[in-house]
Amino acid sequence: MVGGGEGAFIGAVHRMAAALDGDWRLTAGAFSTDAGRNRRTGEQLGLDPARVYDSLDALLAAERALPAEARIDVLAIVTPNHLHAPMAIAALEAGFHVFCEKPMAMSVAEAEAIAAAAKASGRTFALAFTYSGYALVEEARVRIARGDLGAIRLVQVEYLQGWLSAPIDEAGNKQAEWRTDPARAGIGGCLGDIATHAFQLAEHVSGLRAEAVAADLTIHVPGRRLDDDVSALLRFGGGARGTLKASQVAAGEENGLKLRIHGERGGLEWAQMEPNTLTLRWLDRPAEILRAGGPGLSDGASGLLRTPAGHPEGYVEAFANLYRGFAAALRGESGGWFPGVGDGLRTMKFVEAVVANAASDRKWTRIDPGESV
Amino acid sequence: MVGGGEGAFIGAVHRMAAALDGDWRLTAGAFSTDAGRNRRTGEQLGLDPARVYDSLDALLAAERALPAEARIDVLAIVTPNHLHAPMAIAALEAGFHVFCEKPMAMSVAEAEAIAAAAKASGRTFALAFTYSGYALVEEARVRIARGDLGAIRLVQVEYLQGWLSAPIDEAGNKQAEWRTDPARAGIGGCLGDIATHAFQLAEHVSGLRAEAVAADLTIHVPGRRLDDDVSALLRFGGGARGTLKASQVAAGEENGLKLRIHGERGGLEWAQMEPNTLTLRWLDRPAEILRAGGPGLSDGASGLLRTPAGHPEGYVEAFANLYRGFAAALRGESGGWFPGVGDGLRTMKFVEAVVANAASDRKWTRIDPGESV
Amino acid sequence: MVGGGEGAFIGAVHRMAAALDGDWRLTAGAFSTDAGRNRRTGEQLGLDPARVYDSLDALLAAERALPAEARIDVLAIVTPNHLHAPMAIAALEAGFHVFCEKPMAMSVAEAEAIAAAAKASGRTFALAFTYSGYALVEEARVRIARGDLGAIRLVQVEYLQGWLSAPIDEAGNKQAEWRTDPARAGIGGCLGDIATHAFQLAEHVSGLRAEAVAADLTIHVPGRRLDDDVSALLRFGGGARGTLKASQVAAGEENGLKLRIHGERGGLEWAQMEPNTLTLRWLDRPAEILRAGGPGLSDGASGLLRTPAGHPEGYVEAFANLYRGFAAALRGESGGWFPGVGDGLRTMKFVEAVVANAASDRKWTRIDPGESV
Amino acid sequence: MVGGGEGAFIGAVHRMAAALDGDWRLTAGAFSTDAGRNRRTGEQLGLDPARVYDSLDALLAAERALPAEARIDVLAIVTPNHLHAPMAIAALEAGFHVFCEKPMAMSVAEAEAIAAAAKASGRTFALAFTYSGYALVEEARVRIARGDLGAIRLVQVEYLQGWLSAPIDEAGNKQAEWRTDPARAGIGGCLGDIATHAFQLAEHVSGLRAEAVAADLTIHVPGRRLDDDVSALLRFGGGARGTLKASQVAAGEENGLKLRIHGERGGLEWAQMEPNTLTLRWLDRPAEILRAGGPGLSDGASGLLRTPAGHPEGYVEAFANLYRGFAAALRGESGGWFPGVGDGLRTMKFVEAVVANAASDRKWTRIDPGESV
């Protein structure tokens, strides 16, 4: 693992997620550029001090030198955004698989470089679009893919947080600080941090590709350098229409990721904060409530669950499903899904299209200029 | 009352709403151009057959000829949209107050003509933006007006219905038929029918004016002549950003009008299908649930309620609040609020701006070209 | 109407409920023993002063003397409990139908006297068990009656209010005062006031008869003379087991009447504060949400609704359904259901059984000693 | 670990819960009396084959013989109920701490024997009353303990499952089979399996002791040998009144554990299926929604959480909190709470009191006959 020293949030989540099913063991790390913090983190995690490295370079060099069965298999990257691409490329080129925090990179160009490095090295790149790991998200995907809703007409996705409502980035909050710093976060603030989750979820579940976007990108908190609020209209292939709303200044909201998709015959709704429920509403019959562990789930969704109905699974379990799927894929087992290069590239194109559109007087911007719309 | 014969929906609602508090009595009508239907409706309602008229013209002429204390005070107009303006103007000019179904008219020009007629006649024009009659909507308005949320940053409003998902307008459904016919509905389908409710509610509660709109107007059901789906971004005065989503092809949805507004310090949420609850979420303290009849309500909201906490009031009661407010205003009492000419004009400008924007490649269209943005 | 002067709660509800559908008109009343209050109430309601009487006796005598087509048809009784029986009997004997507030009477003996008076006079007695007037309650009843859930095993009903948590009855609250006075309320406080609603609803919807009860009757507020809290176990015919919880000291609760019934194949849940939803849960398939106006409703339930799906109907509409059903029955129309003598007698037997059981060391008390269990 | 072989449910949960925070490592086990199953489980878990034992006796003997730093610290017991006491006593006497599935034992006498063994050996006994590990349960406990609600008047707890609605115990379902077999489950079916959870939660959170119970114990599924449905009235010290409902034949219900407690000034509600929310309702101000990770939580509750607000934690995390608390206590850290001997003894007394009361004609049975009521 690179990054994730004492006090960091997402590194600890990766460790819990990887530990949950017993598929993974943390054996080496370069957790912090602060030597003391790095060492202490290694100790707290019970690592062999010899495998707690000063830098990613040191880690890669030393691990490569170990016998194949002793060295790490996968590098988990949990650093701020600007380090994702160089680190991922270095690890892939050193022969290691990579499990990377999102967003994939700072730009489409960087993301494409990762994709090329993965291809050249024959190693696998996984990306932590955590929310697609929930069982009921998979159920939603399956239901749409098999046509239960008919042709899709509407895709509404939103992701509302409120924690950046005040200028805490200027008051020393580390999580806030790097996320609002273009040098470390990239060209998008809220856009890169959470709108990408929303976009990936919408495309992943709907099975559709967004072709064009019209967006409004706003900085509500004075002095902030990156957007803290995103509103967008989307046009999907096949004629579906979408809205995407993401905000980190929706004061009082927690982590409100919600997806609603309607087709000719009905609609579905899933909300991350009550993740074990999927509501299906129908034009001509009563709404149905699908529940984790309950009757009516597809095999794919059921396979992502660990407990019987009514024993809630949460965020860590969804995250663990990605690690589990990644492990299964590396073992060559079928059915081991995880988000990867494709998801990452699409979201980087979305980020660049939104930024371009927001600066333009023209209504629509194509998300993938290389594609014919 | 003009319109609202046997089988019509909204006419019956007006009658229930007006009856509820005992302020109004239905004494005359021209319910249908079908003579039999007109007569039968009058009978069912227990009217004096002499006051069941063949046409609005006949009604106005005859009622005007009655002594002042015997004639009607107010004409309720519950016809399809294209008749609103000519009938309202005729009634106002004949000296009667008007309570009109929304939308106000077919165009801004027509709406302005009504406004002029009201002014010239000294009569009052009320408009059935029903949803602003709910007590908890008033509470939301009061809370924002007095600054509880701080400066407003986000306004999200949505109105999702599914009943036009299939081409029922071509299969003889009368409610659907006229709503999708440009000659009777106007230039907006879903836009005129329900997006106007959403827009009025957003401006009414937020106390803000939307200055510009970027919109996507879609016909999802093949063969339909008017939009059945609206997506829009809004820019409000003062820097708030908005999204407005309205659809009549969100299969499985009922009458899902929902408003969320966030300011610097917190946000509020109100949903029409559970109208007796208003949720307030705060940046720095636990969320609060305000309930009809419960502690913490303003006097204004409490005054709109008829029953103690936990005895749900619904759509008819909200509607009745408009009739009650209108009656109070006509009696010269203070505090008798009802939507009127101002609300109607704003929504007609919104409709025209959306239609113009949807046909344009430019991103933003001003809602009121006469205003400096 | 007798009772329901200025400031009274339930009288106004009766008037709104009766007005809603245009079936009824209030023409006479004895609203208060306070002459000024009585007169003012009549004026506010627009009544002919000649038909605003000093007393029920005066009303009955005068109305009886009017020609049949001019006199009242039905007397609505909205006084405190101790007056229900003498007034109902007087009205029935005078040849008028009666629509009475619940509870029916102060005792089983009084209830039986009303039943006898109704029978002897050939007049009809209706009882305001309001909650059985909701459309989704009717749907629940129909579903169970037609066997959707299989044989019933569990009946859980609860009715939680908090408004008597503090000793407001000693602080001049009139609603609280008479409800906690044995002379006016009877032998049950919370028991008579709201547990009776819960009991009637449970029997009405389940179609089962409770045979025996084990109860705990408590006075939580020091100095109060009647119970403010009821807990009971019920045994129903056919082997179903029940729990009934009613409280008026559940601080913070509003009017939380909730019914859950489970059978061999599934269960249903209905809650008065969200009355337009009925949840059906199944052993072997996803839960379904039935909604007022939505697909899947029986004709009986649909017939109790006035508005399309998503336009919430509430307490007044449920109440109006009883008045509408009563009107239909008096007109001899089929399908006009309303609660009457049977419901009233059962609940009075329940009240007496609970009071007896609560004073006893024996676990079970039969609800109808005259029945063979 | 003893028990928890392939296919068992709760053993896997214990393993995930123990792994989550990195406090524990599984090093030895006797997973099944079936040798092949035992061996395969050990392999799947990556254990040293030498520490996968044929029996608990073998495990205890061999581990005891290891050097202190190599042997196990704690034995997790995840077998059917009838083995809890003998195994716990054997492990305690062999010098190991014990983390035991609930219920503690088959009888009060057995539970007391465990308590004595723990005392004699100086080892610690922890009991998997999982639900008391949720952060919002701790918050509820803290709020009541510090008097927010005032004196407690009502305690309502329910635990509804539906999975035993059909006779699946006779159709080969292993989970169902032993739970309905008196030889393995004890004198209570639903009573021992889930009513004990409800009872422990009610006492733990309210801080009150139930003194007497009046109960109805039912077998709804013909042929079943133990109760599948429990209804009980409770009288608590200090005058609070309680109801407890537990059922495993509430068809369609999942794992519906819900606790409501009301005091003089307000009430709280917590439901296991949405465990990250605690609702507080007040007599004189709006209801508040406390959320995991949100503002207003006590330090104790916050300390049980791993992720920020809006990232749901679930059943495994609650379970892990017990393992974490147990680890902290064994390390001698303050604040490391876990349920233990006291909780276990109380629930066994409750079980015996309910069984005795259900067979009696007397209304109330004391839960702890040794206590003065």
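To keep things simple, chains are lettered A, B, C and D as they appear, and every chain counts its residues starting from 1.
The working rule: contacts are C-beta pairs under 8 Å (C-beta built on N, C-alpha and C of every residue); 3 or more make two chains touch, one makes a residue touch a chain.
In UniProt terms the chains read A, B, C, D = Gfo/Idh/MocA family oxidoreductase.
Quick caveat: nothing in here was measured; it's all calculated off a predicted structure.
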How many steps does it take, at the fewest, to get from chain A to chain D if each step moves to a chain that touches the one before? 1
Name the chain whose C-alpha centroid is most distant from the C-alpha centroid of chain A. C
Mind checking the centre-to-centre distance between chain A and chain C? Centres are C-alpha means, answer in whole Å. 55
Rounded Å distance between chain B and chain C, as computed from the means of their C-alpha atoms: 35
So the centre of each chain is just the mean of its C-alpha atoms; given that, what is the distance between chain C and chain D in Å? 42
Multi-partner residues of chain C (each touching 2 or more other chains): 253, 280, 282-283, 287, 291, 294
Inside the complex, what are the residues of chain A that reach chain C? 280, 282-291, 294-296
Residue positions on chain C within touch of chain B in the complex are 9, 12-13, 15-16, 19-22, 45-46, 161, 163, 253-256, 272-276, 291, 293-294, 306-317
In the complex, chain B touches chain A at residues 149-150, 153-154, 156, 158, 162, 165-166, 214-216, 218, 220, 229, 231-233, 235, 239, 241-243, 245, 247, 249-253, 262-267, 280-283, 287, 357, 360-364
